[in-house]
Each structure stands twice: as C-alpha cells, then as structure tokens.
C-alpha cells in the first residue's frame, strides 16, 4: 500500500494543485454576496474543510476498526496519518468559521451546539495524538488509539445533526435534507470545484503522512538493529 | 529410557520476543516433561525473566510457538493461566491486605475454592502464623517472598515458573522451598526456574539451561 | 593489637526500635572500626533491615545511642546522611529517568559535584554503558541492582550499609562487587551488610554478627 | 459463573477495603468536592432562584472532576510490587477484571456523591428535598457511564507518562454528551413542567453503549 | 547554598521535565484547558453577563483541580521502588525537599493557568483584556499558597498514617480562606468599583504564613 502511495502521490499532488487553482479562480471571480459582501468567499474554504474533517474522522474510525480486527500494521499507519490530517482540517474549519463569525455574528466564538461539538472533535484529535505519543510500546499505542478513536466516533453524528437537533446560530444543511435550498446557482460551481479540490488535498495529505509514518517506523527498526549489531 | 520430545508437556519452538527497541529472545527451543526441573542460568539482562514472562503468558509470543499440555498459547492463554503458576521478582502482594487476605485474593482470582483453614495452613507452612493478621506492607523482604511462594501450596499447578526463588530467603526458607519443590516434582509437576545460585538447587535433580543474549547455549564458560 | 572500642568510628549502644505493634530491635550493641566489615546474619524477620535502616538514619533511634564519626544521631542526623551510603532492598531508582539521570539526581541530592564523564564512568563500571540512555524502567532486576550499587563509586562514603547486596547479581556482578568492597575497605571505609549467603563474602575479611529476634547472639546454631 | 462473579467482587473488595484502610481516595475526593462547592458558593453567591438554575451544572461538574481524581488512582494500587501483572496472570477473563475494577470505583464515587448531595442542597439553600430520590436516580445513571468510560481510559493511560493530564484530556471530551444529558435531565426535573424522560432515555442509552463496549475494549488494552 | 538550590531544582526537574520531556505536554495541557471550558459551558450555559460573574469561580476551581491532579502524580513518582526513602536519606534538609516538590508542582500549575486564561476570555467572550496583568497577578498569588498546601496534603496521603486523616481535615479550613480571598479579589477586579486591595493583602498574608509553615510541617510529616 505504501509503495502504491509512493507511486501515485505525485499524480494526486498535481491534480490537487490544478483543481485548487481552478477553484480559487472561480471563487475570486464569483460576484460578492449582496448581504455578506466579500466575507462570503470564506464559505468556499470553510464548508469543504468542515466536510473533510468529518470525513477524516470517519476514515479514522474505519481504519481503527480494521486494525483491531485484522491486526495489520498498514491500518494503523493509515489511522495515525488520518489523525494528523483530520486535526489540520478541523483547525482550518474552526479558524475559517471564527473569521467568518466575526462579521456575521459579531463575535469570534459562540457556544452553539455545532461549534462546541466541533471543538470537541479537535480535542479528540489532539487527545489521540497525545495518547500515541505517551505510550512507549507501539503495539499498545496502536490498540489504545484505535479503541479511543472508535469510542470518540459518537461525536460525528452529534456534529452533523447538531443544527437539526438544537436551535443554533449556525447555518442548517444546505445541500440536502429537509431545509430549504439556501445556496443559489452562482455559488454552486465554485463550491463543487473546491470540494473536489479538498477531497484531493485530503487524499494527498493522507498519502504523504502515511509515507512519513511508515518511513519513521522503518527507520526506528533499522536503528535498533544497528545498535544491536554495534554491540555485537 | 530418555523420554522423546513428543512426550513433552511443555514445548517451545523458535520463540522470539522483542521490546520496542530491543530484541531480547532470539529463537528459544525448549521442552519439559512431567516431573522435570530446568534451571535457567545466565548473566544479568540475558533474558531469563523475559522468557519466564512469555511462558507465564504475561508477554505475547511474537514469533515461534509455545504449547503447554497440548494447549496453544495463541488460542487458550486463559486456560493455560489456570494451569500454571508464576512467582517472579515481584511478589504481587497488596500491602494493605493481610497474608490471609492476599491468599484469598489470589485464590478467588485463580478460581480456586479455599476454606479459611486451608489458607491458615498455608500461612503457617511458610512460617508466618504470627503475622497472619498484619498488613503485608510491614513485612520483611524474606517474609514477603515466603508468602508469595506459599501460593503454590494452594493448588498443585502443572507448570511452575520461578524467578530467583531463593533470593531473600533465609537458610530455613531455602530448605523448606527445596522440600516443597522436591515433592512437587515427585508428584509429576514441571518446574522452570531462573537463578544465580546454582549451589542452592544442588539438592534437586535438575537440568541446567544456559541463556546468553536471548539464545540457549551449550555452556557459559566462554562468557566474555 | 585489637583496636579498643573507644577507637570505634561507629558506636551503637543498647539500641531499640519498635514498630507500633512489634518490638523489632531489643538492645543492640555494636561498634565498627575503620576498614572493618561486619556481616549481619539471621532469619527472615530477625531485624537486619531494620537495624540497617536505623543506622542509615531512616528510622528514629527510639532508645539507646548511635554515634558515627563522633556525631550523635539525635543532633546531627543530616550531617551523618552526607557521610554514609545505604543501598537496601529498594533501588531508589526512578523508572522514567536514564541511568545517567538517576545518578545525577543522586549526586545532586547528596551535594556531590559530579561531571558527566564521572557519571558515564560509573555507568560503564557497572556494565551498563550500552543502556546509558534508556529509561531504567525497562531494566532487568540485576541491572537495576548494579546501578543502585554503582552509587558508591560516586563518592567514597565513610559508612557503607548494604542490605543483601548480592541478590539479583550474576556471577560477574558478584566478583565486581567484591573487588569494589575490597578496595573500599582497604581505603579505610566501614561496611555493614546484611546477607543470607555468607559464602559469597568469603573472599572478604569480615566479622559475622548473628541477629536473632532483635538481639545480637553468639551463634545461630541453636535456632529453633 | 458464580466463581467469576466472586473474582470480580474480590477485586472491588480489595480496592474499597484498601481505600478505606488508607482513607486515601475517599478523603481526597471528598476534600476536593467540598472545596469546589465552597468556591462556587463564594464566587456566584447566587440567590435562591439562580441557585436552582445552577444546581444541575454544579453537581455534575463537581462529580466529573471528583471522579476524575478518583480515577487517576484506580490503577495506582496495582502498581505496588507488580500487582497488575498478578491480575493479568489470573485465570479469569479480562472482562471480569474490568467488572471488578469498575464496580470498586463506582462504589467509591457513589459514596462521595451521597455525601455531596445533601451538603450542596444545604450550602446553596435549595429546597428540592422532595425530589431527592429522583435526583439520586439521575446521578446514579450518569455515574454508571462515567465511571465505566473512566476506568477504561484509566486502563488505557495507566502506563503512559503524565497520565493524569492525559486521562483528563481524553475523558472530558468523551463525557460531554453524557454530561449534557445529565445536566438537562436534572434541570428538567427541577423546573416545573420540564420533560425529564427524553434525557433519561439518552442517559440509559449512553450507559448501555459504554458498559457494553468497555469490558471488551478493556481486554484489548491490558494485554501486553 | 547554591548546592542546596541545585538539589531542589533537581527534584523539580525530575518531576516536571523528567517525564514530560519530548512529549507534547504543552499542547495537551492547552487542550485539557479547552476541555475544561467546554465542560463548564455545557454545565452552566451562561450568557455574557453571567459569564463575567462566573469567571472568578471557574478559574479558581480549574486551578484547584489542576494542582490537586498534578500533586497526585508528583508524589506517585516517589512510590516507585522506595524512592521516597531515597529522598529522605539525602543529605539535604527537609525544607529543601519541600522546596523542590513545591516548585515542580507550582510550575505545572502555572503553565496550565497561562494556557487557560486567554482561552477563557476568548471563548466566554469576556472583555477584560485590559486587566490581564492584574488577573495573572492574583492567580499567581493564590497559586503560590494553594500549591504549598497541596504538597503538604499529598505528603500526608502518601505516608498514610492515622494522624494524617486528622490533618487532612485541618487542611480544608486552611484552603478555604485562600480560595475565598482569591475569588473575591478577582471578582472585585472585574466589577467596576470593586475593592481589590483588602483581598490582595489577605492573599499575601495567607501565602506568607503557609509558605513559612509548610517546609517545617513537611519535615515533621515525612520523618518516621
């Protein structure tokens, strides 16, 4: 799998770059919103980033489950990588949301259900990293983080449905579901392109990070062997 | 007649164990028959305790195979735990409990039913009857060791794993232990112990096993 | 000429110690001279470790007197702590620190100034140079013991108190320890150790002290 | 089956008795809980109406933090002389170990809660004595899941460095849903016309999920 | 003198740096702080005005919690293989041991406070940025005394003897005035027209008294 990543990550990188550039061009050339002005352009970062952070956690849950079931190291490598990628997207969502929130709600932060649960997701990601770091035995670390990731997955539906279950400041879902369409034709094409770009970006980051994790582990093994040999 | 390896009730083949940064056991082959006693000798850090911990199912078998009484460790570790007894460097005693309570705890967790008289008899056998009601925390090193070893009187295990059992025991304790081990072996138990004082075991029929850097070797003479 | 008791650099008179429910030391008289080695022998629970702990100023002198180098324990316990070294059943090591860091910790708390080379030299002397950067938590029993004993190389104490120093050491470790102790004694240090294996000390000139139920006795032959 | 239950009971018994004899966890938990109440009383100085509004949050925050302190200690007893190793070598399935550990912790936490509740009501001068049984019921439901998850995380972080921070870091976000349900259930109870039932149902669901998953996950975590 | 300071520094270093080294400590403390805020939010759901009123209490409860939590760990390290005994056998006065233990815990607690403070202000939308230095000052003053008392409490529960339960009860009334003064000082600061000074003076007095008495009390507590 890692080999396959090594072979393809260049291609994915180029594809990411191209879609991202197209997306940005579309975003900048789209008309400003009559209500929100230029602030609306953050939407094209915020929404795909938010989707990707949820997707990353979903992926993490699957990889963790597979690791516990099959006990194959590649699943653990994928899990470790998706934690980093997910944390980055989550941070981006929070940051872009906050920046957007200042003009829209008059404050960087508000304690509504979606924002709170998203913050919890970030804490979870950080907790997973800290846990892996803090356990010396790699097998134990792998198992513990996998179990924790699965337990933490309860946060996902809460984030997703928070706008439906609770009265919130935050925008209700706009693509699908019972809520009325709020995204007009003008906004749709750049958003779609940006979404594709972010999916590609996520895939690329995952590949690169997995490669790095795998390389680090291999290096550690080699280092141990070298130490042993030097001592006879 | 020498019993053939196929009769062995404990069989270990090409056993490996590595801690994160360190390969400790590098291919151990070992077998024991009923009534046999093996003594592991080797330098500090050569892997004796690690080998015993793997056989006690405390550490995972990372490579190779380990079978006890026809059971495979990868499938029936839990059942094996009920058949063997391990007394290691640590006594596994709770300081705030008395000797009786500690034994009761052990019995319940090994699913052994033991009456109070039985427990008292064990405490007396290891020479601690005077201290039966005192918290173990205050015990001297040798008293703790005696109590830990006393566990093997609660039930005759099929495999006994001892890590430096003689340390901290006084002269009488050594004699007592050798008697107990003698009758354990006569009753057909298997015994594997790690030790640095082979002279103390002289009284028992045994086979010496030399461990060097995680491998069993013919002798320790060529130790650097 | 036999040195007279008045020359003794360690003097203990009618020493008593009782734990809440239990009188452990009941009138110990003991003296040691420069370069002398005393070996405490006795059954488990006879009070060897307790005596050593009192001499190490870890436990209070409840009755009687204890003087070291002319200092009285009731007045100058702190100063005495700087002059003696105690290595007991416990190693006093911190698992998350490396051997070097553990030694550094010890040195700083004993107010000894030790350069890094010095510390490295000690680690090498106890045969742990390969493990100098690893957390002590993963060490085998003998490796821990070696490191704990290595402390006495950091500074020549005037009184050395060792509680079963040979336990967990392999054959080479025993030889190493005897060498170190030999040169310590030659340099005029005082040594008191508790042990259950007198045969290991045979190489050292020493005086045997028999402890029974908290009293020093003439011999252990009449042990019940 | 009854033997397995007996083993679980024995573990819980050991933890509770040990705690009682040392008065360790219980006293520091209670100490902390009282301090929290005092601080909030001073800080908010709430009038009667406000107090009723804040009460649910107050109770839950205190319980959460207090049990977090207790959880940090759950595995401390097992550090003594290799006791955890002893547990893992026992013949019972891992789930039974979890059951024992969990029920011991549950009992201690409940004891603190029971002491805490009347104290809070008096201190904040809230007159909800009539609803006491219902309040206790809600607290109990929340505590079941909280301690279940907590013991699991404590097992997970047990060998980690800086384990207490890590435990808090992991537990707080994961209990957020449970906390919401608990606070809302209490709030609904204390408001005239509040709907308790949906929140209760949520609490029960969380409890079931956590307590079904935990023993299984515990097995993964404690093995070598 | 500088050697004594070095010894105290070494103890603190061992507690703090020793096991936090190379680990994402700071970030996990930061996120722990965020998690605490989330918990408060979920529990109290305050509006903007209320948030300002709750702020002093929130900050102090969190600080109390963090420092108690850190303390559990701080003395836990000394349980390992007789480490506390090792400390007590060192050549430094007991006051220095206290100083080392205390400063380690102080550092830890202060780090969390520093992470917590700005986050609280942002997330609760409380606009008191202008008074940040004064707030930090008050927190610092309170933390000094609080951690001092905390180290005492931990030493007590560590050495667990009967007189200590009594002392734990004594400590609560000691902590309460400090917490009250801290809370009131903060509250006064954040209210227009509040009088901070009398509370500040009280804080300073408490600090001086506690920190003068603590090393002495510590020496008394830990000596057998």
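Letters A, B, C, D and E mark the chains as written, and numbering starts fresh at 1 in each.
In this text, a contact is a pair of C-beta atoms (placed from the backbone, for glycine too) under 8 Å apart; a residue touches a chain by one contact, two chains touch by 3 or more.
Computed from a prediction, not measured in an experiment: that's the story for all the values here.
Common neighbours of subunit A and subunit C under the contact definition above: B, E. Matching the C-alpha atoms of subunit D with those of subunit E calls for a turn of 175 degrees, to the nearest 5. Comparing the centres of all chains, each the average of its CA atoms, the largest separation from subunit C belongs to A. Averaged C-alpha coordinates put the centre of subunit A at 50 Å from the centre of subunit B. Centroids of subunit B and subunit E (each the mean of its C-alpha atoms) stand 46 Å apart. Chain centres here are Cα averages; for subunit D and subunit E they lie 24 Å apart. With centres set at the average Cα position, the gap from subunit B to subunit D is 38 Å. Each of the following residues of subunit B touches two or more other chains: 19, 21-22, 89. In subunit E, 19, 23, 28, 31, 35, 38, 42, 45, 80 are the positions where the chain touches two or more neighbouring chains simultaneously. Residues of subunit A found to touch two or more other chains are 116, 120, 123, 126-127, 130, 134, 136-137. Interface of subunit E with subunit A (complex): residues 23-24, 27-28, 31, 34-35, 38, 41-42, 45, 122-123, 125.
Residues of subunit D touching subunit B in their complex: 3-4, 6-7, 9-11, 14, 17-18, 21-22, 77, 80-83, 85-93, 223-224.
Contacts from subunit B toward subunit A in the complex involve residues 19-23.
Residues of subunit A that touch subunit B in their complex: 136-138, 220, 224, 227-228. Within the complex formed with subunit A, the residues of subunit D that make contact are 149, 152-153, 156-157, 159-163, 166, 169-170, 172-174, 176-177, 209, 213, 217, 220-221, 224.
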